Every structure is written in C-alpha cells, then in structure tokens.
Amino acid sequence: MNNLWILNMGFVALLVGIGLYCLLTMKNTVKLLIGIEIIAKGVTLALVASGYARENLMVAQSLAITVIVVDVAVIATALALIININRHTKSLDVRKLTKLKG
Amino acid sequence: MHLFLLIGLLAFSILAILSRDLLKSAISLAVASIFLALVFFRMNAVYAGVFELSVVAGLITVLFITAITLTRGDGDVAESRGHRIVFPLFFLALAVVDLLVMKKLLGQIPAIQGSESGTFSQVLWNQRTFDLVGQVGAISAGVLAVLALFRRDDRHGNAASDGGDTGGRHE
Amino acid sequence: MLFLFIIVPLVLAGLLPLLGKVSKRLLPDLLASAAMLFLLVLAVFSARPLIADGGIIQQAFWFGAPLNIRLLLDGFSLFMLFTISLVSFAVTIYSINYMEHYGAKANYYALLLAMIAGMNGLVLSGDLFTLYVFLEVAAIASYALVAFGRGHDELEASFKYLMLSAVASAFVLLSIAVIFGVTGGVSFGAVAQGLKTLNIKYVVGFCSGLFLAGFGLKAALVPFHSWLPDAHPSAPAPISAMLSGVLIKVSGVYAMTRIFLGVFGLTPALTTVLTVMGIVSIFVGALAALGQNDIKRMLAYSSISQIGYVVLAFGIGTPLGILAGLFHLFNHALFKSLLFLNAGAVEQSTGTRSLDKMGGLAKVMPLTAVTSAIGSLAIAGVPPLNGFWSKLLIIIALVQAKMHVLAALAVLGSVITLWYYLVLQHQAFFGKLNEAWQGVKEAPFWMSAATVLLALLCIVTGLAFPFVIQSWLQPAADVLGKGVGVALNFIGF
Amino acid sequence: MNPQNLLIPVLLPLLLALFSFLLPRGIKRLREIVSVLGAALFVYVAVSFFGGKETMLTLPWLGHGIDFELRLYQFSQFILLAVSGFTFLIVLYSTVRMAGNPRLREYYGYLFLTAAMSAGAVLANNFVPLVFFWEGLLITLYALITIGGKGSHRTAVKAFLIGGFCDFCMILGIAILWSQTGTLRLSDISVVPQGLTAVSFYLMMIGAVAKAGSMPFHTWIPDAAVDAPVAVMAFIPAALEKLLGIYMLSRICLDIFRLEVNSTPALVLMTLGALTIVLAVFMALIQKDLKKLLSFHAVSQVGYMMLGIGTAIPIGIAGGIFHMINHAMYKSGLFLAAGSVEQQAGTTELKKLGGLARSMPLTALGFIVCAAAISGIWPLNGFVSKEMVFHGSYETGYTIFTIAAWLGAILTFASFLKAGHSVFFGPRGLETAAVKESRSPIYIPILVLAALCVLFGVYNALPLRLFIQPILAGHAAPGEHLDFTAHALAVFNPIALISMGCLLIAFALHVFGFRRGGNKAYLASEPIHRLPVLRTLYDLAEARVFDLYEQGIKGLQAFSRFLFRFVDRPIDAFFEKFVVQIGRAATGALKAVHNGLYANYLAWAIGGLVIIVWAIGALTR
C-alpha cells in the first residue's frame, strides 16, 4: 500500500501548499482562517493516511480526532479575535493590522 | 475512486480559497470536508470520517458562518484579481515539485507492518488517554479564550473603550 | 502524583470562571497563588526524589484508580517543571495587584492556569503527539492572554501570533504524521527505535527541518521571530513575563531539544543549522532591540537574542554546551520575567512604555529601579550575577568545541546586550526626574514582592551557581547528554 | 556550647539591622528602644561566650573547601566582647546625639550591619567568609560616612577606594597563601613567611594595618572626621577598625604566619609602625580642630600596636594587643567627648573654644582622663600598654624603634595638653558663652570609658590575666614568662623613667609654646610647627603631597588625560564613525523590515523553512 500512501501524501502537500498560498496572498482575515483550515485538513489526511499505510489505523483515527478537536478550539479563538478586531477597525483587511511594527 | 475523491477535496479547497464571497468559501470548505470524510471512509477510518463530517463540516462551518454574518457589512475586502493568473501558475509549480519530490523522498521507506490491536475505543481509551486530557485542556482553553474575549467590560479605573490602556504606543 | 502537575491547574481553570461569579477578586487571587505555590513545592520537594536514579515513567491515578496515562519524568523535564513553577508563582503574586484594572480576574487566572497545565503536560509527555496537543493547549491560552486587554494592539498582536503559530503547529503535525507513517508509532521510544533500524537520512532531515521551523517559530528564532516583538509587549506585563520567561522556552526550546537530542539524535547538519540560527538570532534580536523606544518591545527583541544564546549552546551538543544552554535558559527565565514585571510596574505607574518619556524614575520607584538594575546587569552578563556565568559557560563550550568564530561573535553579542540595557536603565531610571512623574509611587506590595523575589534569585543563582548546577542542571544535562539512549530505555511506553 | 550558637553574634545584629531598615520612619521611640535593648542583648551574648571552651562551627557552603566556618576561642571571645561593648555604648550615645537625623533609619541599620559584619569577621575561620565580612564592612563604612550629609560623599568614596585597594591586596595575599598551603581554613595554616609566603604576608599585612588605619592608608580618617557623624568616627575608625585590624594583624603574625624576632617581615612591620607613630603624631600636633587632631592620633596610636606586635616578643605582642583595647576605649571616649562639645558649643575648632570645664564638668572629666590615658600617664592603662611596647621594642635590640616611640609619646602628650587646655581651660570663647552639660546618654558612655581606662590601668592584672595571657598562651615558647602584671606599673626601671622624662619634656614644650603664642593654648604647637625643616614638610602635607590617594588620583587624572588624547579619541572616532553608523544602519534596516504585515512575516517563516530544509539536505551526507 506504499503507493497509496505516497499518493495521499502528495495531495497533503498540495493542500498545505494552497493553504499557505492563501495565507500569503489573501487579505481577508476570514479567508486566512479558511487557509488555516485547509492546511489542517491536509494534516488530518496525512495522519490517517500514515495510519492506513502502517496498518495502525485505530491510533491514527484517535490522533486525527484529537487534531480536529484542537483545531476547533483554535478556530473558535481566532474567530473571536476576528470579531473583536472587526469592532475596532470596522474591517476584515489584514493589511490594516500594521500598527505594531519596527 | 480514491483519486477522484482526493481531486474533489482539492478542487473544493481551491474553490474555498478563490471564491470571492466568504459565505461561498465557507460552504465550499464544508463540501471539501465531506470529501475528506469520504476519503476516510474509503480507508476504513470510520470514526475519523464521522468526526470530520460532524465537527469540521458541521461545527466549524457553523462557526464560520456565524462569524461572517457578525462581521458582514463592513467586512467586504476586495481580493485582488491577480489570483486568477497567479494561482494556476503557483498550483502548477507546486504540483510539479510535489510529483518530483514526494515519490523520491517517501519511496525509499520500506513497508513495515504495524501491529494493530484492539478496537477503536480500546485504542482511544487505553493508549491515547493522555491525548484525551489534552483535548479537555484544549477545549477548556478555547472556551475560556472565547469567554475572555467576549466578556462584559467590568474593568474599572481608566475607561478604555478603544484599547487606550496600553498607553505608550499612542503617540 | 505527577499527574497533579496537569490536573490541578486544569481543574482549577475550569472551576475559576464559576467561582469568579461568587467572589470577583479574593478567591481567584487566593486559589491561583495557592495552586502555583503548591506546584512549586511539589516540583522542588516531591518530584525531585523520583529521579534519583535516572528518569522514570509514572502511571497516573485518578482518585485511586489507575489511568492509562504514563508520564515521563527525568532530569530535563523536572528542571523545566521547576522553572515553570517558579516563574509562574512570581507572575501570579504579581498579578494580584497588576490585574486589578483589567477586570475579569477569574477568567484571567483560568487562562493562566490552562496555559500552565499545557506547559506541564508538554514537559511530562513522552510522546510526540501528546507533546503537540499540550503545545496547542498552552498556545490557545496564550493567544487569549495576549489579547486580554482587548485593545487594538493586543488584538492585532494576538491575531498575527495565532496565524503564525497555527502554521507552526501544522508544520510540527505534518512532521509527526510523516514520522508516524515511517515508524508506525509516535512515542519517543518507538520513534527512536524505528529511526534507528531504518536508514532514511533525508526523510529524517526533512522532518527535522519541519520541526525546526515549527518549534523555531514557537521559540522565536530568526527568521521565525516576527510575532514575538508584537505579542510579548502587547500582553499584560505578567503574561509578557510568562511568555518570554517560560512559554517560548517550553514550547520552543524544550520541545526542540527533547526531539533533536533525545529522539532523533544530533547530526552534524543539525548542529550547523542550530548554531547558525542561534548566532543570527543573537544579532538580529540585539540590533533590533537597540533601536527600540518602547521598553517592552526592547525586552521582547532581547528575548529573541537570548533565546539565540540558548539554542546556540544546545546546538553545540557537547555536555558542557548542553549544561550552559540549560543554565542560560533558567537564568533567562528569571531575569527576563523580572524585567518584564518591572516594565509593567513602570507602565502602570506612569502610563507609558516610551523610554523617551521616562527618566529619573529611580527617585520615585527605588525598588523597581534596583531590581531592574539587577536584572539588566544579569542579562548583560556582568559578574557575579547569574547571566555572567551562563554566558561564560556558553563561550567556554564554544571554544572547547573549536568554534572560535562563534565564540567571538557570542562575546560581541553580549557587548551589544550590555549596550542596550545600559540605554534602557539610563533612560528609564537615571538622570533627571521627568516633571510629569513627580507624583508617581512605588509599585504595590505584591508586585514588588514578585520582583524582589526574582531579583534575589538572580543574585543567589549568581553567587551559588555551583550549587544550582549540581542540584538542578546536572541531572538535566545528563539526560540530554545520553542522547537517544534515554528514549530507547522507554521503549515499553 | 552548641556550635550553632556561634551564629547568634552574627544574626542578632543582622536582625536588628533589618528591623531598623523595615521600621517605618514615622515611628519615633521604638527604634531607639529596640536598638538599645538589642545592643544590650548583644553584650550579654558576648559575655556569655566569654571564657567558654573553644568551639567550631562548619556549615557546607560552596564546596571545594569553601565552607562557612566559625571559630570561637580566647582571642575572638575577647574581641567579640569588645565589639559588642562598643556597639552598646555607641548606640546609647546615638540615641541622643543622632536624634532628629533624617536618615536615622539607615544609620541604625548600617550600625548594626557593621556590628554583624565585625562579629562575622572576628569569628570567621575560613578565608572566604572572612573576606565576605571584611568587604561587607567596607560597604557599611561607605554608607555610614555618607550619612554625614554634604561633602561626605567624596570622603566616603575615598575611604571606599582606599579600603578596596587594601582589601584587594589582602585577597591577593590570601590567594597566594591558598595556592601555597592548599587550605582556606585559618586554624589549619601556620607557615614561616619565606619567598612567596612572605609576599603573601606583606599583602595580608597591608590589608590588616590599612583596616587599622596605619600610614600610608590613613588619609581618609582625618577627612572623615570632618564629614562623618562623630558617633560613626568613634565607632568605626576609633574602635572597631582598630579592633579588627589589629586582631587580624595579630592573627597573621601569631597564627597564620610564625613571625620570628627580627626577621625581615618583623622589621618591616616595626618600621611601618614607628613611621606611623612619628609622622601621624607630627600631623596631629599642629591640628587646630579637635576632631581632626583626634583622628590623627587614631592613626598614630596604631603605630604602637604594630610596633608591639612586630617585635614578636611576648611582652611586645601583649603590649600591642593591650594597647589596642586601651586605645579603643580612650579614643572612643575622646571622640564622644568631642561630639559632646560639638553638640553643645556648635564647633570643634580649638580657637573658638575655651573654659568649658566649668559648664561641662563631666565631659571635661572624661576627656581629661582619656587624654591622660592616651598620653601614657601613670597609672592609667595607656601607661601600662605603652611601657610594654617600649620594653618589647627595646628587647629586640633596635633601640631606634624605642626612641621613635618615645618621640611619639612626647608629641602625643604635648598635643593633648594643647587640646585640653584650649577646650576646657583658659578664657571662655566668645561664641560659647551659654554652654550646658550634655544629657546623660551622652556623658555616661564617656564616663564609662574613662572609668574603664582607670580600671584597666590600676587593676591591669584584670585585663592582662583575663584577656591577653590566654591569647599568648598557645604561641609563646614553653617556659616563657607571660605574667606581665608584676612590672606593669613599675616606675623604677630605666625605660619607665625615660618615659616619665618624655612627659616632662612634653609639658615643658607646651608651656614654652603657650608663652610664645601669647598665652593662647591653641597656638602652643606653633614653635614645633615653625621649625625650619618641619615647616616645609608640614606645608607639603597640608597640600596633600603625602596623601597617596590624592596623589594617585592626580596621577590617574594625568594618565587618563593622556589616554583620552592619544588612545580614546582615535578609538572614539572609530566607534563614532564606524560602529555606531553600522549599528544604526542595521537597526534601521531591521526596524524597516518589521513592517507589521502578516504576509511578510509568514513569508520569512516559509523562506526560513525552505532554507533550513535545503541546508539540512545539503549538509546530510
């Protein structure tokens, strides 16, 4: 099953890659968060695929579930931050967040 | 079949990024999640699939949509149109590198058989208990974070409605 | 017993928001401080005998029933536990006065406790994945704590911190996934065992790179440091102290060191990359600090620089280098938290963080000025304070390892450090008293108590450094010095 | 006795110091009351220790032979008793004399800190704790001098630098000794000073005699006499530093090194002593300020002690040590009396004072007794100890030292005749018309000290048997005669007769000078002042040509000017033009690239990852 693992990992790389592309080029903070989500998807896929390849699927699934739960907490915090920021700047533009510099 | 599911996952992810409307993005993300869940089902990872479906496609999408509606109106940010040209180029380059490197890098790993034992719940409860504690921690940290960020303003002393309490940086 | 390190702060973190409804200040103050003191005592007295003959694995109990949780404790993790408990105790008693004007104390303490639970869990875990989970617990709590003031600066800093940190977590997790796919396990022992039998240098190198980027971002090594000068100054002072003093070390340096030295084994390639990153961080941090006008931002850049020293020392990989790195890590935890707490006291009294506007504060805040002078001298490496000894050890280790150029650069970096701390001290505390601060008062009791405690520790550690090294550092250095061997002993994990 | 108890003399004053530091300024009497009671307790502790068995305490400290070791034996019991006694008297005196000083809190704090450090230094049996306490004394001295207020800071720095230099010498000596003997425990070391150990002896001797205030390390004392509070002067340079310095010197000469009669180190020590006696007393003679005069005597008298100890003959050593305790008593008494006069009359300038004996009879009585004691008048204690030193120095065969000591005695008496005459007798000064006697806490310590002077003179058997003999017992050759009480007050021997003659000469000199000065007592020393060669020397001394510190400072200034012009400027230009510019450019560039854009920061991180992965890949073989 090694080939399937490589195929999966290839798609993981693509997902992470487009996630990073989103983070690098997009301006909307919510969009950035979606980029993070896509990276997280890639990572979950990587874990399950690795478990499948090593016939260690049960451990892999529990790891994946943990990742998902942690991810929810991160996303919730991030969205709370974004809503708070929106109250201050009346905008979702990440480029307006450049007050701290130097 | 597996390949098609993966391509579907990728396609909806790309859609989620490139779509100009945030709501469409969020929904595309949910669809991508469904595809990922299907991939999991195909790999017999039923529990992970169910979780992906319910939590990511469900809960996270709800969170996103709530946030988007809360910030809508003043939240429209025009993404540049350059993405239509830049992104395909980027994606192509990424895919080429991926194809070249991944096989070479991971191909050398010999296949060893794992020693799977027990059912899912046994594994989760008996081997990964510590992770569960971590999960509890992460959830409570997340809840506390949200509570802290949406707390009612009960500070006293200097009235700071607009972050004025850190002083020095307001020159 | 070790499980208490995680469960006590975690349970208390869950209870505090409820208790906060009953008593807004007294109860949270009391409970949080008591919990920290308890953990400190636990770390010093109870956990220490456990590692009398090397590391142990302890099964956790929950009301008498055994749980399937195995905690790993050896010299290194005990040392980190001690450092965490010490700094967090000082920070908690400092918060009693400082957090008054922020409000929502119960919530604040709950987050702080969650962060500490996360760090303790990270340190006690013997498994790559568990390490990641607790890393995230500490990180999530720290995002909220950075943004606790909810001003524009805080939110902006917190957001950037979160977004960069999330990427770092993804890198770490990807690496774990690959390692899992290669070896079929995630515990230290299984991974070390698996990697030993396989000959896949490039995959391991790739994973090391991912880990280095991920943990390097948590530790704020150049070029992954960019979030730190925003996040650390924006947070409330005790949290700045906590982040700079402990969090970047636990979630960055500890995790990195544990994996590279204890699981992967230090390769020449890693040594080169680590030392170069260390030296670059030292200089970028120091030079950037030199140009700062915001006192906390200067301290934040200085943290980057000092972390550079720690990583440089670990990168050498010799026993002396490891010892020096550990010692500097501990010392930096002491004096950087001290300096951040003092900066907080100044900010609270004067309402500004701008060095230009300060001046002559020694006259109105003598205690703060003195403790801050001790901290500054210690971090700049003036004998006989603790910073001097650890930097000296680092330089000796570099010379021993025949890295003469790096040694010279490390000395140069230390000169720049002295320079900007003199600037800081001079502009803030000496010279003519700014008219506006005529009525400024010394920091309140608990704040002063925390800073005095840390300042005394700086002096004591400096004077009695052989004792500190003997009793706390040597066991930790021994563990790291044994390299992968230690992880292999825990194979039955 | 429980060895742990040895910590009490160190910890008790330390606690009192802490109490004083922590007690808020507002509370009035409590500080004084607790201080006096605490000091009394300190005396009690010292008394209870006295006569006890030898006790050692060892607490592990830094390892490597560096332990916290204390040792109580006859000598340290005695010095501890003296330290505590003086602490008590000074505290009692300060309750009135220092009242109203705005820095009272620090004053009592540092006073007790000094006592704690002294107790530690006396008891220390390991060089490292010894140096620790010794250096601590330097810091408290600095702090106490600065309490004097305006102008005292400069003197404090001077005292600090001189003390620091000499202590550095001592540390160097200790280091050499350590390398030679391999141990830091005082009681384990006993070597003959030869070669490197002789160097070590000289260095440690410098440390010890400088603490005692010998020439040429004395110059801060007269300055401090003017700037520092008089209670501080009476406590530290007059009493404590003598006790500690001479104690240390005795231990160096008796225990640590085995000084042999007329060996080179012994001769060096004696020469230094004789020079100190003569030069300082010449300076004292012409002083026109009571406190300055006393402070020069404080220097001069050290010479007797050094001379006595330097003889390495039992009677000389006994004389030196006995002189130390005597000196501490009468010199403290004199300083306290001067303080009493200063408080009542507002000045200590001899010219402005006069005829105070009637209005301040008790102070005058104390002063006269103490002055008689320091001048060596039969049967006071000064007579006894000086005679012993004379005998000792005579027995070495180098009569020149004895003659120098006699010369010192002449001038000492002459200068005290002058001082006493101009302050307490003669016509009343115009500005001091309405002077009253001081209050009891001021004159009681003076009278106690004066009474002790008489007691130790008349019943000299008491101190000699009780204190001095046990100290010598372990060191003298077996069969040596150690009981000096028999000839202590004997006047019918050549040496004592010459001493008496000296006093007569001094009296004659005073009368002669008094007449020549137009019946003005404060001018009585002028004839000597105006002698051809001496006059030039005095002028030079007045210009501080002999003050090593001032000269050193001048030399340093010249050197630094040189450095500034030819070394510093070029380096500065290099820094200014090159380093600072580069630093500024780097800082500016770094500030510019930290532009706050998230994408920028993330790009660094990803770039960093790529570079790291590439580097690891390239470096992995």
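In this document, chain identifiers A, B, C and D correspond to the written order of the chains, with residue numbering beginning at 1 in each.
Following the convention adopted for this analysis, contacts are C-beta pairs under 8 Å (C-beta built on N, C-alpha and C of every residue); 3 or more make two chains touch, one makes a residue touch a chain.
The model shown is predicted, which means the values in this text are computed figures rather than measured ones.
Student: Return the chain pair with more inter-chain C-beta contacts, choosing between A-D and C-D.
Tutor: So, comparing the two chain pairs, more contacts are at C-D.
Student: Roughly how many whole angstrom separate the Cα centroids of chain A and chain D?
Tutor: It comes to 74 Å between the two C-alpha centres.
Student: Could you give the separation in Å between the centres of chain C and chain D, each centre being the mean of its C-alpha atoms?
Tutor: Chain centres of chain C and chain D, defined by C-alpha means, are spaced 49 Å apart.
Student: Rounded to a whole Å, what is the gap between the Cα centroids of chain A and chain C?
Tutor: The separation of the two C-alpha centroids amounts to 26 Å.
Student: Tell me, which residues of chain A touch at least two other chains?
Tutor: Only 5, 9, 19-20, 23, 25, 32, 49, 51, 53-54, 56, 59-60, 63, 66, 70, 73-74, 77, 81-82, 84, 88, 97, 99-100, 102 qualify.
Student: At least two other chains touched by the same residue of chain C: list those residues.
Tutor: Answer for chain C, listing residues that touch two or more other chains: 129, 133, 136-137, 140, 143-144, 147, 150-153, 155, 159-160, 163, 167, 178, 181, 184, 202, 206, 229-230, 234, 291.
Student: So which stretches of chain B touch two or more other chains?
Tutor: 106, 109, 112, 114-115, 127-128, 131, 134-135, 138, 141-142, 145, 149, 162-163, 169, in rising order.
Student: Every touching chain pair, please?
Tutor: Every pair of chains meeting the touch criterion: A-B, A-C, A-D, B-C, C-D.
Student: For chain B, which residues are in contact with chain C within the complex?
Tutor: Per the touch definition, chain B meets chain C at residues 105-106, 108-110, 112, 114-115, 125-131, 133-138, 140-142, 144-145, 147-149, 151, 153-158, 160, 162-169, 171.
Student: Considering only the defined contacts, which chain A positions touch chain C in the complex?
Tutor: Touching chain C: residues 5, 9, 12, 16, 19-20, 23, 29, 32, 36, 39-40, 42-43, 46-47, 49-51, 53-54, 56, 59-60, 63, 66-67, 70, 73-74, 77-78, 81-82, 84-85, 88-89, 97, 99-100, 102 of chain A.
Student: Can you list the residues on chain C that touch chain B in the complex?
Tutor: Touch list, chain C to chain B: 6-7, 10, 13-14, 17, 67-71, 100-104, 107-108, 110-111, 114-115, 117-118, 121, 125, 127, 129-130, 133-134, 136-137, 140-141, 143-145, 147-155, 178, 181-182, 184, 198, 200, 202-203, 206, 234, 294-295, 347, 350-354, 357.
Student: So in the complex, which bits of chain D are touching chain A?
Tutor: By the definition above, chain D touches chain A via 591-592, 594-599, 602-603, 606.
Student: Can you tell me which positions in chain B touch chain A when the two form their complex?
Tutor: 2-3, 6, 9-10, 13-14, 16-17, 22, 25-26, 29, 32-33, 36, 39-40, 43-48, 51-52, 55-56, 59-60, 63-64, 66-68, 70-71, 74-80, 83, 86-87, 90-91, 94-95, 98-99, 102-103, 106-107, 109, 111-116, 118-120, 122-124, 127-128, 131-132, 134-135, 138-139, 141-143, 145-146, 149-150, 162-163, 169
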